[in-house]
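Per-chain residue numbering starts at 1, and chain names A, B, C, D, E and F are given in the order in which the chains are listed.
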Amino acid sequence: MPQLIQVINPNTSLAMTHTIGEAARSVAAPGTTILATCPTQGVESIEGHYDEAIAAIGVLEQIKRGKEQGAQGHVIACFGDPGLLAGRELASGPVVGIAEAAMHMATLVATRFSIVTTLPRTVIIARHLLQQYGFEHHCAALHAIDLPVLALEDGTGLAQMKVRERCLQAKREDGSGAIVLGCGGMANLARELTQELGIPVIDGVTAAVKMVESLVALGLGTSKHGDLAYPNKKPLSGGFEMLS
Amino acid sequence: MPQLIQVINPNTSLAMTHTIGEAARSVAAPGTTILATCPTQGVESIEGHYDEAIAAIGVLEQIKRGKEQGAQGHVIACFGDPGLLAGRELASGPVVGIAEAAMHMATLVATRFSIVTTLPRTVIIARHLLQQYGFEHHCAALHAIDLPVLALEDGTGLAQMKVRERCLQAKREDGSGAIVLGCGGMANLARELTQELGIPVIDGVTAAVKMVESLVALGLGTSKHGDLAYPNKKPLSGGFEMLS
Amino acid sequence: MPQLIQVINPNTSLAMTHTIGEAARSVAAPGTTILATCPTQGVESIEGHYDEAIAAIGVLEQIKRGKEQGAQGHVIACFGDPGLLAGRELASGPVVGIAEAAMHMATLVATRFSIVTTLPRTVIIARHLLQQYGFEHHCAALHAIDLPVLALEDGTGLAQMKVRERCLQAKREDGSGAIVLGCGGMANLARELTQELGIPVIDGVTAAVKMVESLVALGLGTSKHGDLAYPNKKPLSGGFEMLS
Amino acid sequence: MPQLIQVINPNTSLAMTHTIGEAARSVAAPGTTILATCPTQGVESIEGHYDEAIAAIGVLEQIKRGKEQGAQGHVIACFGDPGLLAGRELASGPVVGIAEAAMHMATLVATRFSIVTTLPRTVIIARHLLQQYGFEHHCAALHAIDLPVLALEDGTGLAQMKVRERCLQAKREDGSGAIVLGCGGMANLARELTQELGIPVIDGVTAAVKMVESLVALGLGTSKHGDLAYPNKKPLSGGFEMLS
Amino acid sequence: MPQLIQVINPNTSLAMTHTIGEAARSVAAPGTTILATCPTQGVESIEGHYDEAIAAIGVLEQIKRGKEQGAQGHVIACFGDPGLLAGRELASGPVVGIAEAAMHMATLVATRFSIVTTLPRTVIIARHLLQQYGFEHHCAALHAIDLPVLALEDGTGLAQMKVRERCLQAKREDGSGAIVLGCGGMANLARELTQELGIPVIDGVTAAVKMVESLVALGLGTSKHGDLAYPNKKPLSGGFEMLS
Amino acid sequence: MPQLIQVINPNTSLAMTHTIGEAARSVAAPGTTILATCPTQGVESIEGHYDEAIAAIGVLEQIKRGKEQGAQGHVIACFGDPGLLAGRELASGPVVGIAEAAMHMATLVATRFSIVTTLPRTVIIARHLLQQYGFEHHCAALHAIDLPVLALEDGTGLAQMKVRERCLQAKREDGSGAIVLGCGGMANLARELTQELGIPVIDGVTAAVKMVESLVALGLGTSKHGDLAYPNKKPLSGGFEMLS
């Protein structure tokens, strides 16, 4: 059955939205159409809790639009999974974050995995997600390349080189069987690194697309019974009117 | 030393902002001035993850304003502690949520506590906070009175009666030594219920005010070393320009 | 790309192998061929650790055969996931158990889920898996219908009726947003119960098929680096020669 | 409202009692009187479980005396929090240990903290407290300067220098945003180190004084309902008669 | 090889010391001599943290005496295991508490166990021990008969009857395979209840005697390397001189 | 009372069965007869999950035989404790694995322990057992000598030398008070290393023999109530007929 899956880049970078959209399309099933979007307002990159709080609104705005356009499922393509539970309240189809998708898949192919992310300050976000999702015992180590997110889009390849180096080091030192890439902007590196390193290197964007496709195919949407029910109707004032 | 402490009601209800401000003032030290505020835009009450995502923006907006007005510390007066870590990135002084304040204090006066909240769908938020803060073993049970937040402000007293009943039941059945009230709108009930029930019934608003006062008095602000450092400077587009 | 996915019923019941195979085929992608198999020797149903130990050998035997037949991935279709890590050592493609698949998916559509299984003595197995996979905080309750596994294949419909009743009860009482069916023999009940109950009722067989399809599509097999590497070569004596 | 807060140094060192009392007074609110005491019998310093068991009796003796003198709250000023739950049974006002106070406050200003203590053998005590209080995920590392407690009072400044070095190292290497000082005898170092290191360096004595002040101001004493009720009346024989 | 094992009743009740000594002797190996002792000063029964703090001193006093008399190992025969780690610092042979012994053994014969104790206020002590020892997932439920410890020695049999009833109820309702008796004074009930209920009913006194015998036979004493090393030498003042 | 205890080497190596049997006899009580056995079919050494799955069948076969020969208790002498819960279903007496026995005993003599095992790929097995048994907080570090199991039987002494080196290193670096030897083939090293290192070095074979002796002496067998009840009767086909 044909599916329409929305892949939301929660930041406003069109370049990164393009990278993410291409990665999503590269693994989508024949019948799946990918709707790659990003918010009309927000921040250009997401590198902390503050950025995430802002990005969450963009995610909600986009899920609302995606639903109007008929999307049957939604991917939140930022490794902090901003707005995940809020988005699930809004959606009827499944909503999957790329951090959770990558982490889930990593536990299926290795007993323990390592994470390679961008700035050191984002490590705590991944750490909290590991705890929330239940995977803290499955993660051996977290690494940061110490470059901002947008370095992945600057065309120099420096960030990509640093990601590769960190992955090699993680394979050598952590005793991990797999590596999770900790940024949506690394989506296009996974397949090549998997080949080169000879271990599963997992990108969340592609992982989440397959997860959402699977849930839709199984007829499983977000539960509307209990705490993920649609938000209670109430007036939204100011700049939030767009959400109502 | 005189202190200026900002108490942020993350919803837009002026009635609730008033209740919260009064509760805060009732316990503030002689030298402390309470600045009770609420966002100019957002939702009237917070009853789920979606509402929280919206409220978090209001919290950030208010922390920014509070800093401009010289506030040395900030209280987030909604039991889900929306925007807590994002707010800490923005602030230099301490930022304390009322859920965490109440939970921390409860562990100091009892080996286990119960929580009484409003709608059942908010229970999961408290549950996640217990896990994040490390208190899941200290909480014996969570209860909901099954009335919306604003019922606490409708003047009928029905919600207050239900809170009281649930507290009595919790004392009787949970084997808890203390009760945490799970909504900023219950701030004015704590002292009376403590008397009536003969056990500590803890409200987070007053607890958080004393916590922030304490941190300021000790010269302890939010750590700006590491993952709570100020947000990386970047353009904020659309309705978020107000935050820059 | 066409895929060949092996779905292994770890017990020797041909009727259950049929049920499981049909369920698998009902959700397989157009290009996917399902190879539904069961061991040539072992037990007719799996209702405890002893049965699982025996079934694990059958799983290994079948994975070996499946690889010879070109299977790119493998599903272990018994809710205890017998032989899961052993099977991963043997396989090069992904190996997914139906308990883990169902539990993973449940966490994506609800904040907490309930499990409905067959005999009470199998509850401890699910409990241990929740702990091993990291999902103990996501499971609200475990229930048993107190009928043996093969009652699901006796044609009377009694077991199916009991499953339905327990699901209704779980929805009403557990505060869960989703239900996980705790036996491969319940695979054909999920879609109907999802409709009737209005919440996601998740079967592991279909969930695991989509998980394996996804991993294969992403080019992710079991990590052969570290503790899931192929078993060290050594002589297998007695009845185990079949495995070498 | 004026408060009388008892700060109990559980060892018999008058020098350390003085240090602790001065630290307490330096942060006490204008209306608060600090009653700094130590047991009449026991050990000169507390560096293990054995010392703690002895010190616990002194703590009980002092809480009893403090109550007779009208103290409304009590601080246990040894980083192992000896006699904490026993003391809570005896007291009606709040009883707060300096380890718990410092740990609680650290979680409010940083996502993770480090601990710097005296002898290596005391590390296990801090580790157990982290687990008991729920903060093991909030602590990044524990360090010992490998000098006995009384070296902090020997006037050479060597211990103080080592504390400073370890704090600098912890800031550099642990990825922590704050440091907790793991000994009552370090109480006078916190404010200076906070300035020098540019991160919150937290002393438990001052933290606990503010915590107790806060609880008293909120009208919250130790719960007398349930397992912290007053000890069941029974004869105390031998040297323990002083406690009755 | 002949062994001398000291069984310390941490309270001062001679009747209970007798009960405990008899239970210990009933399972001791032919070559083992049981030295049943109790402190010369302290409390008659232990029913809370306060009583435990006092009892811990008696335990230390007795371990010191036991060593002087040549005891090769020590049992702390109160279900709260008072003074356990302090006692280990003092001892060279093994020191085993009856709560830990019973809990350890219970995990070897059942997947989950229940605990039946005396007063409700002692439940929290068992709960904390479960967490400290790592057995919280192995315990299904905790029950209290709501009678004081000494009721077990009053000759009426009422307490014994209530223990029996609670055990039956626990077997029926908790889904536990074994029961742990939560008081040294119940030592003589285990064997009979094991027969009557048809499941392992475990008493800690007898369990600990066998544990200590085993450790001694294996040549394993308390580690004197690291945090259980002998207490640092320091003056003991007042009533504690007896300990030096 | 005389006891017959079966010590099962789950691999087929007669040399290792001899080593294990000798170790068992060296600590058995005067009245205890040790029945050292190994499966008639299986693998020569156990170095991963695959080997363990095969060995589990041999364990079941041997427990069945042991029961027929009157064994009152059973030891599973491989550090992965293969077939432990399955074996408990089959047995009426106690069944104890050597990993669990060593870990339990280590927690009684030290606050934290280290593990020294053979191949790196077996580390994950020990890690999972720590989690399952509840001891992950008691284990400071896991080490592998990076030699296969059978190197312990090759007569060169190389493996033994490496074990000794790793133990020394663990004592120096891990802050552990005790060491657990992670392979049945190291059983004969424990006593000597305990002497040389001056800390408890614990072998599981001897530990488990004493544990089983203790349980039998206490009249405690495996609970047959609930999930360790005898396996439900059902036909065993193929090579498994030997088990019926």
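FYI, contacts are C-beta pairs under 8 Å (C-beta built on N, C-alpha and C of every residue); 3 or more make two chains touch, one makes a residue touch a chain.
Note that the structure is predicted; figures quoted are calculated from it, not measured.
J.: State which chains count as neighbours of chain B and simultaneously of chain D.
T.: Common neighbours, chain B/chain D: A, E.
J.: If I list every residue number at the interface of chain E and chain F, are over half of them used by both copies, so same, or under half, so different?
T.: Chain E and chain F contact each other through largely matching residue numbers.
J.: When C-F is set beside D-F, which has more C-beta pairs in contact?
T.: Answer by contact count: C-F.
J.: Taking B-D as the reference interface, which entry in A-F, C-E or E-F shares over half of its contact pairs by residue number?
T.: Checked against B-D: the matching pair is E-F.
J.: Of all chains present, which has the mean Cα position farthest from that of chain C?
T.: Most remote chain from chain C, centroid-wise, comes out as D.
J.: Can you check how far apart chain A and chain B are, centre to centre, with Cα atoms defining each centre and the answer in Å?
T.: Centre separation, chain A to chain B: 30 Å.
J.: Could you state the distance in Å from the CA-based centre of chain A to that of chain E?
T.: 52
J.: At least two partner chains per residue is the criterion; list those residues in chain D.
T.: Each of 85, 88, 111, 120, 123-124, 131, 137, 175, 226-227 in chain D touches at least two other chains.
J.: What chain-chain pairs meet the touch criterion?
T.: Touching chain pairs, listed by label, are A-B, A-C, A-D, A-F, B-C, B-D, B-E, C-E, C-F, D-E, D-F, E-F.
J.: State the interface residues of chain E toward chain C in the complex, per the touch definition above.
T.: Residue list for chain E touching chain C: 111-112, 137, 175.
J.: Which residues of chain D touch chain B in their complex?
T.: Residue positions touching the partner: 27, 29-30, 85, 88, 94, 96, 100, 104-105, 107-111, 133-138, 171, 175-178, 191, 194, 198-200, 202, 206-207, 210-211, 213-215, 217-228.
J.: Mind pulling up the chain F residues that touch chain A in the complex?
T.: 120, 123-124, 131
J.: State the interface residues of chain C toward chain F in the complex, per the touch definition above.
T.: That would be residues 12, 39-45, 47-54, 56-57, 60, 83, 85-86, 88-90, 119-125, 128, 131-132, 148, 226-227, 229, 231-232, 234-240, 243 of chain C.
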